[in-house]
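Sharing a structure, written as C-alpha cells. Questions coming.
In this document, chain identifiers A, B, C, D, E and F correspond to the written order of the chains, with residue numbering beginning at 1 in each.
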Amino acid sequence: MTVHLDELTWVELDQRVRDGPPVVILPAGSLEQHGPHLPLGTDRFMPARLAERIAERIGALVAPALPYGYKSQPKSGGGNHFPGCASLDATTYIHMVRDIICDLARHGLTRIVLFDGHMENQWFLTEASDLALRALRAEGVEGTRIVKLGYWTFITPETEAALFPDGLLSWELEHAAVMETSCMLHLCPDLVRRDLIPDGPPADFPPYDVYPADTGSIPPTGVLSSATGASAEKGRIVVAQVVPDIAAALDTAFQSDQQG
Amino acid sequence: MTVHLDELTWVELDQRVRDGPPVVILPAGSLEQHGPHLPLGTDRFMPARLAERIAERIGALVAPALPYGYKSQPKSGGGNHFPGCASLDATTYIHMVRDIICDLARHGLTRIVLFDGHMENQWFLTEASDLALRALRAEGVEGTRIVKLGYWTFITPETEAALFPDGLLSWELEHAAVMETSCMLHLCPDLVRRDLIPDGPPADFPPYDVYPADTGSIPPTGVLSSATGASAEKGRIVVAQVVPDIAAALDTAFQSDQQG
Amino acid sequence: MTVHLDELTWVELDQRVRDGPPVVILPAGSLEQHGPHLPLGTDRFMPARLAERIAERIGALVAPALPYGYKSQPKSGGGNHFPGCASLDATTYIHMVRDIICDLARHGLTRIVLFDGHMENQWFLTEASDLALRALRAEGVEGTRIVKLGYWTFITPETEAALFPDGLLSWELEHAAVMETSCMLHLCPDLVRRDLIPDGPPADFPPYDVYPADTGSIPPTGVLSSATGASAEKGRIVVAQVVPDIAAALDTAFQSDQQG
Amino acid sequence: MTVHLDELTWVELDQRVRDGPPVVILPAGSLEQHGPHLPLGTDRFMPARLAERIAERIGALVAPALPYGYKSQPKSGGGNHFPGCASLDATTYIHMVRDIICDLARHGLTRIVLFDGHMENQWFLTEASDLALRALRAEGVEGTRIVKLGYWTFITPETEAALFPDGLLSWELEHAAVMETSCMLHLCPDLVRRDLIPDGPPADFPPYDVYPADTGSIPPTGVLSSATGASAEKGRIVVAQVVPDIAAALDTAFQSDQQG
Amino acid sequence: MTVHLDELTWVELDQRVRDGPPVVILPAGSLEQHGPHLPLGTDRFMPARLAERIAERIGALVAPALPYGYKSQPKSGGGNHFPGCASLDATTYIHMVRDIICDLARHGLTRIVLFDGHMENQWFLTEASDLALRALRAEGVEGTRIVKLGYWTFITPETEAALFPDGLLSWELEHAAVMETSCMLHLCPDLVRRDLIPDGPPADFPPYDVYPADTGSIPPTGVLSSATGASAEKGRIVVAQVVPDIAAALDTAFQSDQQG
Amino acid sequence: MTVHLDELTWVELDQRVRDGPPVVILPAGSLEQHGPHLPLGTDRFMPARLAERIAERIGALVAPALPYGYKSQPKSGGGNHFPGCASLDATTYIHMVRDIICDLARHGLTRIVLFDGHMENQWFLTEASDLALRALRAEGVEGTRIVKLGYWTFITPETEAALFPDGLLSWELEHAAVMETSCMLHLCPDLVRRDLIPDGPPADFPPYDVYPADTGSIPPTGVLSSATGASAEKGRIVVAQVVPDIAAALDTAFQSDQQG
C-alpha cells in the first residue's frame, strides 16, 4: 500500500489510526536556487524521496511535502535574491508548520517527523513545534511527540570520507555541491544538468553576516563549493547509509515514547 | 521543456524571465476527506494536473502546488473533523499565499494565477492577493497582475448537461461526487477506489451554519451527493473543455494586462 | 422591554442570563457603496432591522451591529475602490468577531447568531467562530453554540418568484438591486433616493477574478443588475417571510443545543 | 442633509470629497457596565450624540460609531468581569481602527477625528493612528491628519464647578457618576433608570493595579463615585459648553493643516 | 546575596523557588529623550535603582530591566521624533511582556511586579498582563498575581509639597522636569548635566492630540516644564518616601494573595 | 565620553549623528541557565562587555543590551525548562529587534551591529533584519546596513588551541563550558562560583531533536561539556584576540558601505 498520506482515503487512514497511529513524516523543502545544474526544488525532492524509503521500512506515512521554505541565506544557500527563490517570512513559516502539526495531532496522528531538506528551515521548525505543543496542551490533546532532523546530520564519518576523500569543508558550503549533487544524480538523475556541474573555489565568507546581503562574496553560480567530485555512486552510498540509520533512529525515538 | 518551475534551474528561469516573464500558475489544494473512494489529496491532484495541461498550451510555468488549504466546511467538504483533514488557520493561509506572490513578483514573475482546487480557499486567496499587492506597491514593485479561479467555474452548460443529465444540484454538494470522481477517473485512475463509490441521497443542510459543526446533517461517508453517475468519459469531457477554455481566458486576462 | 443589548444595564442583563441565557444576535454589516440610490450603510441597516423583529419573536437580544466589514468585491459589491467603502483586513475582521464572541460567552451569553448582511463577511465569520471556539475551550468555557446566516438564504422559492417574476439572475448580482432596494424601501424608506434607482443590463463578469480589480467590467453605478423592479411591497413580502422563518430556524438550532 | 456618513450614497460622498474633503468624526465607544442606572452602550451613545451636534456646526460627517472598545478597567470602568462587558484585545482594537483610518484616507477622507467616549480606548487609538500613518506613507497616501480627543477633556473649570459644586474627585472615578449620568439625562433621558441612580462613597483604590483584578475594592454597583448629584440640567450645561468648544478646536486643528 | 535575578545561577534560583517563590520585580523603561540634561535611559535607570532598594527590603528579586518601551508621546515625553528615541510598536511591546510573564510563571515565579518608569508603557503592560493570565490559564498554570505600578503614583501629598512648593502642574508635564531631575541627581548624579538643566515655561498643549505630532507646541528642549527647581535633596526625599511605601504595598498586595 | 547610548542626552546624540552617524552595537543576550557556576545573565554580560571594548576602539555606541532572548535549546543551552530561563516566542523576538532597528535607522543611526551572545537568537536576528530593511525601504529610509555576528565565530585557530589543548568538541557543547567560563572569569570574576565549576563527560545527543525535549540526554547540571579546563587567563586570551579582530571587521564592513 502507498506510503503517501494524500493517496489514502479517509476511511483507510481512519483504520490506520485505530490500529495504532503511524508515524507521519513531513518533508520540509524550499524553492531555492541550486546552481546551474540542480533544480529549484532540490530541497524538497531530496527529503521527499528519502522519506518514502524510510516510511516503507518503518510503516510510516509521508505527508505532502512543504514546497516553500524559509528565505535562502548567502552562507548556506546563496541568498534569496537569486532568481527562482520563493520563500516565506519566518512567522508565516512557523504558523504554517504549527497548524499542520496541530491538525495532524487532533486527528490522532501524534507521532510526527519534521524531515528537513533545507538548512534555513531549522529554527523555525523548532519554534513551530513549541507553539504546536503549547496549543495542543491548551486544547487537551496529549501525547504528541515531534522529531526534527536534517538528513545530512545522519551521515556517518565513513560516508563522509567516501563523499569527501579530501575532507569536508563544512555542511553549509555543501549547498548544491558534492553531497547534494551526488544524491540528486542517484535519486533524480533526469533533473541534473550534468554538463553544467560547476567547479571553482569554495565561497570565502567573513565570520559575520551583512544585511542587505553582500553579494560580492557569493560565487556567481550560487554553488558554495565545487561540485565536480559528485557522482551517482556517492549518492547511492549516502542514501544506502542514511535511510536505514534514520529509520532505526525513528524507531528508537518513538519507542521511548511508547514506554514513557 | 518541463512546465514545472521547481524542475528548472535558476539560470534557466532567469533566461525565461528575461525573455518576457511567463505566467506562473499556483495550484491551491488541500488535504481533505473525499469519501471512501477518492484520496485525501484530490483537491491538489486535480488543479495540479489541469495546470500542467494549461501551462503547456500557453507557455506558462506551474509553481509547486500548495498541499494544505483552509479548513474543510460541512456544506462544501464534509467538515474538518473527518480523519485526514489537515488545514491551516485563515491568517496562516493568507500570509502563506501573500509571501509566495510577493517573492515571485520580486523576481519578476508578476503574472500569477491562483488556481484553486478547494472551494474553501477562495476568500483567503482574495485577501492574500490584496495584501500582496499592497506590500509590493510599498516596495515599489509595479505591474503585478493576479488571476484567481476555480476550474469548476469554467464548466459550460453543455459540459454540465453531459455530467448531470438529470440536472446539477449545486457545486457545493458536488464534493467527492459526480464531477470530481469523473475527473479523477480520467486523470488519476489508479487513485480511485471504484468499488467504493458511494450512492445515497444528497446532504440536506439547513440555510444556516452551526459551529461547532452539527455532524448529524453530514452524510457519514463524507460525500455530499451520490457519485454513482461518475465515469472516466465524463471526466474526459470536462477536462477537454475546461483546459482550452481556461487557457484562452488566461491569454485574454494577461493580454489586457500588456495593453493596459 | 428593549431587545437592544446596549440599552440594558448590567443588572438587567445579569438577571436575563440567570433566567436562562438569551440568544444574542450580532448583525454584521459594512460601509460599502450601494449604487446612487441606497446608503453606504445598507448592509448594516438591513440585518439590524431584521434582527430586531426576530429578537422580539424569540426573546433574543440584539448586540450592537458591526458597522465595518470585509472588503467589497467587484462581483458581489462593486469593489472596495468605490468612494465610501471603508473595510477591514481579513485578519482584523476575524479577530474582532472572535473577541466579541469570546467575551459574550465568558459572560454566559453562549448562544450567538452571526447575522450577516454583507456577503463578503461570510468566510471570515466562519474563521472567527472556529478561533473563538478553540479559545473558549482552552479557557474551559463550555457549551458555546454559534449560528451563522445570511438572511437572503432564507428566501423561499415563492418569495423569490414574487421578487423576480422573470427569474433571479444570481444573489451576487443582486447587490443594490431588486431585493435590497425593495427591502430598504420597506424598512428604511427615507434613506432610498427613489428618483435615482438605476436601470441597465446586469454586470457581465468573466469566470475568474483579477487583482487589482478590472474595473472595466463593473457597471459605473456600482449596481450589479437593474433595480427598477424594486418596490416597497416586494420588500414587505420578503420581510414578512424571512422574519418568522429565521425565528423558527433559530428556535430549532438552539433547541437541539439544549437537548444535545 | 444628514451628517451620517452611512446614510449618504457613494455618489453624494464622492461629490463631498471633490468639494474639499470634509472632516470625518469616528466615535469610539464600548459595551461596558455603567452601573444599575445607565445602559451598557453609554460610552457610544455619548460621543455619537455629541459628534452629531459638532458635525452640524462644522460641516463634518460622522462615521458609524465603534460599538466595542478596549477592556474595561477597574479604576476607570469597574472592570471587564461585570456582566455585559464585551471588549476587544488591544491588537484587535488597534488594527480595527488602523484599517478604518487607512480606508477613509485612501478614499480622500484624510481629516479624521477619533472621538473617544471610553477612557480605556485612548492609548490604542494612539497606536492605531501611528500604524495607519506609517502604512499610508508606505502606500504614498499623503496628508492625513488625525485628531484624537476625549470629550471630557474639553470641560472648562466653569463647567466643572457647575457639575461638582464640592469639587471633582477625578475623571477616572467619574465612571457612571455625576458627569456621565447628567449628560445621559440630557441626551438620552429614556435610557436612564432614574430610580436606580446609586449613592455611596467613592471607590478607594490602592496606587497600583492588580491582575487578575482585585474585585474587593470595586463598588458592587460598578459605579466608582456617587451619581446622586446628577441632573439633566447639569448635562445640558456640559453639552452646551463642550460642543462649540470642540467644534472650534477642530476648526483650528484642521485649519493649521491647510496652511501647513 | 544579590537581588539581581540574572546574577543568580539556576541552582540558586531553584532553591529560592522551592523555599517559597520570591516576588520578581520587572522594571519597565525606555530609550527616550529627557532634555539636554538627563540621559536617554532615565526611564530605566530610575525604576531599576528603586527596584533594587525595594527588593532588598522585601526579599524580592529584580529581573533584568526592559530597556526599550512604547513610543514617546508629545504630552508626556516630548514625542518619538526626538533623536535617540527607540521604541517598540504596541503589539510588540505587549507580546514581549506577555512572554516574560508567562515564562517566569511557568518556572514558579508567579508573583510579578511590573515596575514602570515610562508613562507611555502603562496600558500595554495592562494588556500584556491580561494576555499572560489568559495563556497561563489555558496551560493550567494557576495562581499568578501581577502588580503594576508607576513609582510616581506613590508620591504622597507631603512629598509632593516638598518637590513643588508652588504646586504640581501635572505628572505628564513632569517629564524631565523637577521630579525626575531631582531623583536622578540623587540616584545617578554622574549622569546629570547640571549646567544644562533647562528653564522655561511649561508646555501648553491643546486638550486633544494630533497625529502626525504637531511639533510646534513641544518645547524645543524636550522638557515639558522647568527643571530648575530640582535638587539632589528633593530626590533623596522622594526616594526615602516611595521605597518603603512601595515595599509595604507589595507586602500587602501579595499577602492578600497568600490568603486568597 | 561614554560609549553607552543610553547615557547620552538627545542633544549629544544629535550632534554625533550630524558628525557622521556612529556605528551602534546592540548586544543580544538571554536569561538562561548556565550551570551551577555561571549566572543566568551570562549571555548578556559577555557581549555587553565585549561590545564596550570594541566600541571604544572604533568610536561606536553600545545600545542597551537585550536581556531576554529566544528559547534555550537542549543541544546548545540545556533547554528552556531549566529554572530561570525566561524567553520570548520567535515572533515576539523578531518584532522586538525589527522595531529597534527601524527606530534607530529612522533617527539616522543606520549602521547597526547585532552582537549576539546567545546562539539561539541567530536566525531570528536574521529575520528581524530582513523585516526591518523591508519596512525601512517602504518608508523611504535608505542606506541601512546591518552586521550580525556571534563573537565566538571570531575565535582564531590559535586561540581555539589555547582554549582547548585537547581539541574543541563543538561550539554548541561549549554552553557554560571552557570558553564561556574562562571569559566570565576574566570579565566578571565576581559572578563565577569557582567552587561549583562542574566536570563530567560531554552531553551525548542523538542526531535529531525531540519536542517536548527529551531531558534524559541533558546533563543534570545544564553544562554540556566539562568546564574544568577554564581559567581567567584563557578568558584573557580570547578577549584580547576577538576584541581587536571584531573591531577591524566592523571597520571593514562599514567602510565598504561608505564606498558602495
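Methods note: a residue touches a chain if its C-beta (ideal position, glycine included) is under 8 Å from a C-beta of that chain, and two chains touch if they have at least 3 such contacts.
Predicted, not measured: the structure shown is a model, and the values here were computed from it.
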Among the other chains, which touch chain A and chain F together?
-> B, E
Could you grab the centroid distance between chain D and chain F? Build each centroid from C-alpha atoms only and quote it in angstrom.
-> 47
Distance between the CA centroids of chain A and chain D (whole Å) is 54
Expected list for chain B, residues touching two or more other chains, is 89, 91, 138
Drawing the touching chains as a network, do you get a line, a ring, a star, a complete graph or other?
-> other
Chain pairs in touch?
-> A-B, A-C, A-E, A-F, B-C, B-D, B-F, C-D, C-E, D-E, D-F, E-F
Residue ranges of chain E touching chain F (in the complex, touch as defined) = 4-11, 13-14, 17, 31, 33-41, 44-45, 63-68, 80, 82-89, 91-92, 95-96, 98-100, 103-104, 107-108, 191, 193, 196, 222
Chain F touches which residues of chain D in the complex?
-> 134, 137-138
Provide the residue numbers of chain D that touch chain E in the complex, in ascending order.
-> 71, 73, 89-91, 94, 120, 122-124, 126-127, 129-131, 133, 145-149, 153-154, 206-212, 214, 249, 252-253, 256
Taking the complex as given, what residues does chain D use to touch chain B?
-> 138-140
